[in-house]
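Following this line, the structures themselves.
Same chain, two partners: subunit A is paired with subunit B first, then with subunit C.
Then we have the complex of A and B:
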């Protein structure tokens, strides 16, 4: 038996989303089980079933350093705050 | 709606009752099948069979739930037209898997009898049912493909095959008015006319069966019930009987 991960997508909108996993003896049974276990109420139109062994998944440390880099976040909040402050300063001193 | 003759009703009921009880039997494996994926798959396939029974019942009585319940659940035992294969309790998983495969191998052929039916609704329902049956057979075959290659599993499956085969032959027992339904064009052949094709499928799947050695069941034109029928029906009515007037 092997573990398979199951992904579903609605036709024409959204992206594939992970919906769960299953055990199966081979690829065909994985597809058959995925159909009966995860799509029996038409939860998706398109189905991906992937052997978990085929997913490349590095250790947590591989991504951890990027958790602390606020300078890479560009939500625009800092710039917007500076522009707002500048506008208010101009309003306060209209004749200068 | 098409006018349903007495003969048509008879052959439709034979299919309704088989589908209904087969669906019930499959869904009873929820939570107790050998592994989670299988008990979900079995219940899901069972729900398809219940859906087929419901479509055929609607063809007989319309969409009124009370009428459907009366016909589906509250007939005298002698008025049911199910076969022993779907009435019998099979506590062993391997027997159940064999019943699933043998039933679905015949079910496809049975729907084909409705494909050119003089009752248009039956022809329409058969198209939908056949599209679903393909996946039921794929499920059974995919499991057997794996299990038949393992010595121990192979032996158990072959033992189950020979245990279930005499029961499976009851599927080909025609309802009392089947001959009239044939004349009316409701069906394009009798159930017994499917036996040869079905036996070939069995031989192809499991290797040649010595059919002369298989005990022939006593046939009753589907008027007699297996001993397991009464307790099965009691389980089915357990909730419905709490309050027959309530809308679920």
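Then we have the complex of A and C:
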């Protein structure tokens, strides 16, 4: 027996989403079990079942070292402030 | 999966600060042992209760009146066992007991399950009262856990369980409406069911939460037992009375100043008996469950034998 992780997705919508796990002796039984355990009310149209052992899962430090990289974002507030400043500047110098 | 996503905390204070900050614990984290054990026990109790609930529901498949309701009961039975399965998977990932150990402990009478499954459902009226009053109490408790649960895997699986319990509640209400609009004999049967199940349903919420309740402190439960119980009383007393039924609580009164119902004193002795697995129907329930487990050994053997679906069907 092996542990499998189950992912579901509605056709044409959203991403695959993890819904839970199950125990099964082989791939075929894992699929049947996944349907009976997780898709009894048409919760999804597409199913992924993956052996837990096959999931690559690195440490948090590997995955998320980018919390301190402001140059990869831009604050909308800064742009709004510049917009406002520019409008005020143009108002102060009316057309001739 | 390579289990190296673990986080750890230097002290329980650190851990509690993480929880108070809205932190969510995952199964691979090096959580404090006390937390791991408390959460595990809570999920195991929930899983056991779903399992025993599934068996009760199953017993009623042949006796449920009408094909449509019979089919709904079959679906509900599968849901209850399905919930037990999801919860046992989540509990097993906490690496305290395996799924098999949990089920075997349950059937050996070594584990606890909710008080309401220590009573016998004797009539269809009882089943209706259980499906409505008891399921509502269980659902309210689960929603209060879902709202703010710090253990991620439990919270995520509760979302699914709660949506299916919502279906059960509507089914219960539908059945109650039918019996309440039925013959005099049906109404008497339902009144008897309210008399028999009112107190067990009320006791399901448990005695008032203690000031140092760790499940509240660690953000597993989000509301105190007495708050949930009171909300249930405020809902069901006026509802059942408006349908012409009476509540079997001689101490029940309406407080005009506070504009709310106040329940009479609650005798907690019956609840404590169920904690020790010596409730009115505990012995029969556990021995029947254990017999089902023995009888179904061949199914587990077949599923573990690495055969194809075709081979299993032909065997």
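Couple of notes before you dig in:
Note that the second predicted complex is superposed on the first by the 84 of 96 C-alpha atoms of A that agree within 3 Å, B and C clash if a C-alpha of one lies under 4 Å from a C-alpha of the other, contacts with A are read in each partner's own complex, and residues count from 1 in each chain.
The working rule: contacts are C-beta pairs under 8 Å (C-beta built on N, C-alpha and C of every residue); 3 or more make two chains touch, one makes a residue touch a chain.
These numbers come from a predicted model, not from an experiment.
Three-chain overlay on subunit A, with subunit B and subunit C in a clash.
Of the two partner chains, neither subunit B nor subunit C is touched by A:8. Of the two partner chains placed by superposition, only subunit C is touched by A:21; subunit B is not. Partner contacting the larger number of subunit A residues, of subunit B and subunit C: C.
After overlaying the two complexes on the shared chain, residue contacts for A:57 are found with subunit C alone; subunit B is out of touch.
In the superposition on chain A, contact of A:35 is made with subunit B only, not with subunit C. In the superposition on chain A, A:49 makes contact with neither subunit B nor subunit C. When the two complexes are superposed via chain A, 238-246 is the only one of 58-66, 184-192 or 238-246 in subunit B with C-alpha atoms clashing against subunit C. Counting contacts as defined above, subunit A residues 22-26, 28-29, 32, 36-37, 40 meet subunit B in one complex and subunit C in the other.
Considering their complex, residues 1, 18-26, 28-29, 32, 36-37, 40-41, 52-53, 55-60 of subunit A touch subunit C.
Contact residues on subunit B toward subunit A in their complex (touch as defined above): 35-38, 40-41, 44-45, 47, 135, 138-139, 142-143, 145-146. By the touch rule above, subunit A contacts subunit B in their complex via residues 22-26, 28-29, 32-33, 35-37, 40. The touching residues of subunit C, counted against subunit A in their complex, run 1-5, 7, 75, 78-79, 82, 85-86, 89-90, 93, 99, 156-157, 160, 164, 303-309.
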